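Chain naming follows the written order as A, B, C, D, E, F, G and H, and within any one chain the residues start at number 1.
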Amino acid sequence: MSHEQVRRILADLENGALDVSDAETRILTLLRRAPFEDLGFAKIDHHRLERRGLPEVIFGAGKTPRQIAAVAERIAASGTTLIITRVTTTAFEAVRHVVPDATFHETARMITRRATTEVTGRGVIAIATAGTSDLPVAEEARITAEALGNKVDTVYDVGVAGLHRLLSEHDRLNRARVVIAIAGMEGALPSVIGGLVRAPVVAVPTSIGYGASFGGIAALLGMLNSCTSGIAVVNIDNGFGAATMASIINHLD
Amino acid sequence: MSHEQVRRILADLENGALDVSDAETRILTLLRRAPFEDLGFAKIDHHRLERRGLPEVIFGAGKTPRQIAAVAERIAASGTTLIITRVTTTAFEAVRHVVPDATFHETARMITRRATTEVTGRGVIAIATAGTSDLPVAEEARITAEALGNKVDTVYDVGVAGLHRLLSEHDRLNRARVVIAIAGMEGALPSVIGGLVRAPVVAVPTSIGYGASFGGIAALLGMLNSCTSGIAVVNIDNGFGAATMASIINHLD
Amino acid sequence: MSHEQVRRILADLENGALDVSDAETRILTLLRRAPFEDLGFAKIDHHRLERRGLPEVIFGAGKTPRQIAAVAERIAASGTTLIITRVTTTAFEAVRHVVPDATFHETARMITRRATTEVTGRGVIAIATAGTSDLPVAEEARITAEALGNKVDTVYDVGVAGLHRLLSEHDRLNRARVVIAIAGMEGALPSVIGGLVRAPVVAVPTSIGYGASFGGIAALLGMLNSCTSGIAVVNIDNGFGAATMASIINHLD
Amino acid sequence: MSHEQVRRILADLENGALDVSDAETRILTLLRRAPFEDLGFAKIDHHRLERRGLPEVIFGAGKTPRQIAAVAERIAASGTTLIITRVTTTAFEAVRHVVPDATFHETARMITRRATTEVTGRGVIAIATAGTSDLPVAEEARITAEALGNKVDTVYDVGVAGLHRLLSEHDRLNRARVVIAIAGMEGALPSVIGGLVRAPVVAVPTSIGYGASFGGIAALLGMLNSCTSGIAVVNIDNGFGAATMASIINHLD
Amino acid sequence: MSHEQVRRILADLENGALDVSDAETRILTLLRRAPFEDLGFAKIDHHRLERRGLPEVIFGAGKTPRQIAAVAERIAASGTTLIITRVTTTAFEAVRHVVPDATFHETARMITRRATTEVTGRGVIAIATAGTSDLPVAEEARITAEALGNKVDTVYDVGVAGLHRLLSEHDRLNRARVVIAIAGMEGALPSVIGGLVRAPVVAVPTSIGYGASFGGIAALLGMLNSCTSGIAVVNIDNGFGAATMASIINHLD
Amino acid sequence: MSHEQVRRILADLENGALDVSDAETRILTLLRRAPFEDLGFAKIDHHRLERRGLPEVIFGAGKTPRQIAAVAERIAASGTTLIITRVTTTAFEAVRHVVPDATFHETARMITRRATTEVTGRGVIAIATAGTSDLPVAEEARITAEALGNKVDTVYDVGVAGLHRLLSEHDRLNRARVVIAIAGMEGALPSVIGGLVRAPVVAVPTSIGYGASFGGIAALLGMLNSCTSGIAVVNIDNGFGAATMASIINHLD
Amino acid sequence: MSHEQVRRILADLENGALDVSDAETRILTLLRRAPFEDLGFAKIDHHRLERRGLPEVIFGAGKTPRQIAAVAERIAASGTTLIITRVTTTAFEAVRHVVPDATFHETARMITRRATTEVTGRGVIAIATAGTSDLPVAEEARITAEALGNKVDTVYDVGVAGLHRLLSEHDRLNRARVVIAIAGMEGALPSVIGGLVRAPVVAVPTSIGYGASFGGIAALLGMLNSCTSGIAVVNIDNGFGAATMASIINHLD
Amino acid sequence: MSHEQVRRILADLENGALDVSDAETRILTLLRRAPFEDLGFAKIDHHRLERRGLPEVIFGAGKTPRQIAAVAERIAASGTTLIITRVTTTAFEAVRHVVPDATFHETARMITRRATTEVTGRGVIAIATAGTSDLPVAEEARITAEALGNKVDTVYDVGVAGLHRLLSEHDRLNRARVVIAIAGMEGALPSVIGGLVRAPVVAVPTSIGYGASFGGIAALLGMLNSCTSGIAVVNIDNGFGAATMASIINHLD
């Protein structure tokens, strides 16, 4: 509900085009009307960009290719950046029919179509991973962060078992405005990075590991219990969530 | 055991057709006899409709198509509504042979054959979902509620990340006699709906989500710990259970 | 925000007492103003009774006696029924100073002051427990349900280890409009009751039990996984939550 | 190590065939020698039947068909009853080559070849299940109990949602010397049976169920926390373990 | 409901003292009447001894001393053996007033008053513990088993870290008709005993242990997953439950 | 190791005061020397302020009052801000002896002594709580954030059960540069706030709640699984951690 | 059972002092006799030193002071080193009466009386802790290791949040033959140390931490999932277990 | 960073080839440079052999065959032993192209190419398993230990259900310098072995088992809670980790 709409109703009331009862009804209706588009099985929140600084994003898991394509088509039609996460090639086939210039990112399992390539973030977001196996999550974070208008620097495979690899990248990490630290197994990477840099660290546990890693819970608990300050955590394997948090921070004036 | 049966035995005793010992035996036997039908691997509870107001329902998971079809055939023969949950198309093939007018609901993974289309519930059951991915659970609830004689209103994709979508449906939710609120991830939807409507809210956690959603446990715990009153919870993904609870409430005089 | 308030603003606009800009500001302000009272550390929701059919309730755990008394005083002053859960005698001492006619319920650990003793619920709420140790939770449910205007019938110590005790109360349970079934240990009581009565069953797991009962989780899981239909579950030991759910159902026309 | 062997060594010592040092060595060696057969990857415990009253059993899961067949061949050659659990048809193909008269039980996923069909157990073992989906576990228990020389009575699909089905089988359960009670979901069946019969109840949780049944943990906890006395529990889905426990009890003089 | 009662009603009907309608009412009533005594907060199941071979037992935890004493008085008055578990000295003070010859067992935290000292069990129940810290649980088992008419042999502190201690007691364990094996920490004792004796083994995990023993869960899981056959498990620290299971087995003809 | 120190060694080498071997030894030594102070049981990291923008903080739990006071004295002596978390009054007595102008914050369980009251953060940090019971955590966050040089705005008791209370504070939340959202029970507050504001949201689960809240795990999982973007989570009850994360973000240029 | 004893029996047999039957009985008896001392509630394993290289140790938790003192007296009388873990001052009072020269270690909660102060371990055991709060566990490890004849070097408060503190102690850690690494919270210390030194690392998680540390589980999982090789883990807070493992390694030739 | 490199810089400074500022920059740079090789997606730590006594190992899970082959080629090129764990035949196809003389171990799911067959370990590493199903983990341990230069003795299928099998191998276990004990189910094997031998025991839980073994957690907890001293544990199924720990111990002088 915009101020403008309220003002117009009130003006109509003032100039006699509406009586009090009609104006009241319209205003109450307005309060419940919001800029989303109803597809029956989904309600697209076109207002999110304005309200939150983020476009509406499609979380692909659990949706059929047809549902994904239908929502993608409407978002693309609205001219905002299209971001779809957790998709397979089958979903991409469906989306390509309705959004021909969409791009599929295999490792990241994402589809994007950027409305603009302008860099709007103020600094660099560094994305560090403990190992090579963390790449799918890291790439989800990278694609998302770039689609949201950020410059990204990737620092892969710098786990704490060989500290010198991490220390050798100290400068690149120190230059970042926000650091995304991604690790499976014991999840110690954010703690160590958090002790070395000034930037806020967004930690992402991954589901990589042997036996008692419990699909990432070991890493998640490790990060939540970090002895280092200036770390906050997103869900397991949630590269997308880390990137949106990092992007919001990176867009702060 | 009906009163009538007891009365007949006693009458026979009184008129000398039975002696005390025979009557005793018959009554004791009667106490243990109940209106179920024994197929060897299953005992069909034809009495449930009278006792509980609900027909016997087949929970398909873990049963072979042959077992499902055998039970379905007997229920259909008894003339009551047939409801089968958690089935695949293979099971439907088997059921169709013995109950030709049964219907398969793909999204809901159900088979039904309604004995009547009469609406016996007193009000409307509203079914709200947080996202599009919750649809299979919501459809299981909808098909079940309708088969049990209720009018249903569906309000899909009104998750709390965009509150205006939910507020815009405030009226429809307020008109319902019972609300079923379905959500995965953090499961906040029932708490928010519970704060807005007067009706009792039956909450259904779903197994939708990233990483630490633990197949719906995060949502389950969220709903159990709701700060809002007037909410009770059924098992994860249990659209059927929510619908039967809601239907029983909706049939209260 | 009431219709009346909106109408008055619009009328003032129409008769020139307000110009469009002022009216807009007032309406937008109104939208955010709500009938709660701000004590700094707490915001009392006086609107809840109207919106939800329930008075604002004080959850005592984690609050200081002084905070409890301050909120209690304001609620009592508003003339609505006062309900405070999870309190100690120390908190009662503090409340008694500001609400002299409040009552302390020792087993239920509650304080109440009913605005009226009128029975508004349409039928009886039956409260069944599996054992004597479940009494504190049952009493919390009973006091709450009565304070909310319901007639209550208690059926205590009818656990499934001696089925005949439960069967002997079959009639009383069958007469209830809603049943609250409370059990610790394996939590089987609601399943068995659910198979015997027509009423909806609100199940409450309790934290009673040996070893691997895990403070009620065993009972909670048992109830969530009930093979019986028409059961929904509230949180462990949450007698209050069960009573509000039952009361809302019992007040349905 | 049998008494006879010790006696022979000592006799040889006494009659001079051995000197003290040799006798000592032989006795110490004897202490460590035991009647098992070493296949390299496995050590078959032929002594178990004498020591424990049970034949050596092959737990098929995690073993290759070739390993299973090799052990099966040696057990069959020793003339004792052959019992293999958790096998697929592939493993049966391999076993059939070396033990041609072995039998495959599809529902129970077992292979057996009984050394004798003599019934050695003193009474009947009753096997009760809550639902049809518990059949694979119940059949594993039945096949095992019969192979161990017990008479078995099966009472399937008598879950607590329809108590009359269970009560109608009261007599059969009461006639058993041991009852095996098998249930998934909330696992309430053993509690209810335990309240009705005199026999010891061996409870088996199964991994059947919706959502928060956690692969049988809900049922396991329910059974461990049973309010009924005279119940002990085996592992989830462990029909074999229940049957061996029941058989040992049923063979007590 | 006894056969005798049914016969009398039927006889009265036959001889005209009752008409059919009255007889029917009485029989139906009888079906719901059962030999328990209602104290309001508790229903004492005097029928249990006959139905289950066990007296009604009071689980003290969560009950007030007054409630315990009231039930104890009624059980003592009925002449059956009195067994109360999980009590403090405070409860004993209350019980002693109403049952002067009751005995308090400090280590076992129990109160008993045996109706008879007759030994009715057929063999010996051996109770083995892994360590000295398991004594409270072992004593609860011993007192219970003796009160239920069994001869008990205790074999304490024979944990698997020093196998020779266990092996030295091999004969005593082998002479038992049932073995109760009690252990905390990793809970390996039942597995090892189960491999050495012919008797059924009832395993009791205890909450003894460092760090990740999780109040007995480590031992519980160890016992449930035992690689040895002929073992069934009761709840953590549940010496009482183990003793009743063992006693029922030991009383089998 | 500062640049200055390296330069001096090299200068000494150049001017002949050191030979190559000595210089090498000194440099290698220097690499391992760092600006911390060793108290034997503790090593105070005076370098942290420079490296991380945060003073060394004392986590009081698990430390004796004497240890706390000893470290506090050294930090105060160094002139940096003193922050001690999770302390009791006993610890404060000890600290007051050596740092007389330290302040104790009772609700927050903290001791502070600010080196300066200058506000260095660029915007406002808003701290919102769902309920009054979350106050101790909120106060820990507030005291910490202020001690780190931030302006704080508190918005307490705005849980989602009464949405209008939250909506009424929309403007204050929207004006913040960072929002800390604190909630127990189902932890839905950050999701709802995250859908309303542009600022990054640092979510703090609290251990407040009934039954299955598991000491905050329910809220933690709820927040990790939030359907809203731009949220990251710190550990349960970790008001301190949330404030340091928020402060680092708020100090970004 | 020693070789000597067997030889003597056999010699007696050979010289006619025993006949075959007597000799057999004696040998079988011998096999079951072992060098432990039976106090009824406890069996002291005096053989352990010879068999395992470790004295019998008393785990104090769950034992009464009297039981502890009784066992301590017998161990002291046998002349071996006395080690008691997890004791309070009350237990020490009892022990002091029977072992006057025993020493109480307050931080470590231990009692010791060393039979000798000889250093028998081949190298140094380094004990590193992440924080000051880990001291009780570290001291338990130190006292134990020293009592077992090892030289110990302690490196306290070198957690990964300030890597320079750890790097500054690199040389001391590198000189150790075994490293014990102790940490709570995320438990990252062993991973980082394991990447820096050649020695085997025994990792000890501690129960120190905020919120979701779950009494040390977070640290335990972190250590089990370490990405570094050459690390093995003992139970939470088990300083004693780490020291015995380290001592056994340190005594390898 | 080697001493040599530092010396050369300092020499250049001394002889005027560098000025102080350049030397400083070079030294600081050097500190961050380390002997790893950067492939973009991976950083190969060639320094690990020198620093840790272990070659860089490739953990195959979660990496693509192409990534594995690329890293394998570089390691092979460096002349050190190549060890790859958790690989499929597909990965082996890729590796074989670039390292033709690599060997695939099917049961162990490993690829190796030993730089030398020299035995450098001082004693024998014994590997014991409880059952045949533990073989894949045992073989991973064996292949790894041999590749690291150790002599290995395997003692398979000696679980505690038939103690005599284990006792018969007592001598072989006693001759080992380190024992790796591998078991699923209840994981009791390390406890029993630890009570019999002098060597340190590295325990490996496996994910073998029925129902509540939870993929090895039951065994893991059993081992962590072992009542035997001198045991430390690695992660579930982590044969590789056990072997590296054992090898490091076995290479101690």
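Assume contacts are C-beta pairs under 8 Å (C-beta built on N, C-alpha and C of every residue); 3 or more make two chains touch, one makes a residue touch a chain.
The model shown is predicted, which means the values in this text are computed figures rather than measured ones.
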item	value
Both-way neighbours, i.e. chains that touch subunit D and touch subunit A	B, C, G, H
Contact-graph distance - origin subunit D, target subunit F	2
Pair sharing more residue contacts (C-beta pairs) when E-G is set against D-E	D-E
Subunit E and subunit H, separation of their C-alpha mean positions in angstrom	50
Between subunit C and subunit A, distance of the C-alpha-averaged centres to the nearest whole Å	39
Subunit A: positions in contact with at least two other chains	31, 131, 161-162, 194-196, 210-213, 217, 220, 224-225, 229, 235-236, 241
Pairs of chains found to touch, sorted by chain label	A-B, A-C, A-F, A-G, A-H, B-C, B-D, B-E, B-F, C-D, C-E, C-F, D-E, D-G, D-H, E-G, E-H, F-G, F-H, G-H
Subunit E partner contacts - residues on subunit H that touch it in the complex	130-131, 159-163, 184-188, 191-192, 194-196, 209-214, 217-219, 221-229
Subunit D contact footprint on subunit H (complex, rising order)	131-135, 156-158, 161-162, 164-165, 167-168, 170-171, 208, 210-213
Touching residues (chain side subunit B, partner subunit C) in the complex	51-54, 57, 123, 177, 194-200, 202, 220, 224-225, 229-236, 240-242, 244-245, 248-249, 252
Of subunit C, residues touching subunit A in the complex	3, 6-7, 10-11, 13-14, 19-21, 23-24, 27-28, 31
Subunit E - residues contacting subunit C, complex	31-36, 40-43, 45, 47-48, 59, 61-63, 67, 71, 205, 207, 215-217, 220, 235-238, 241
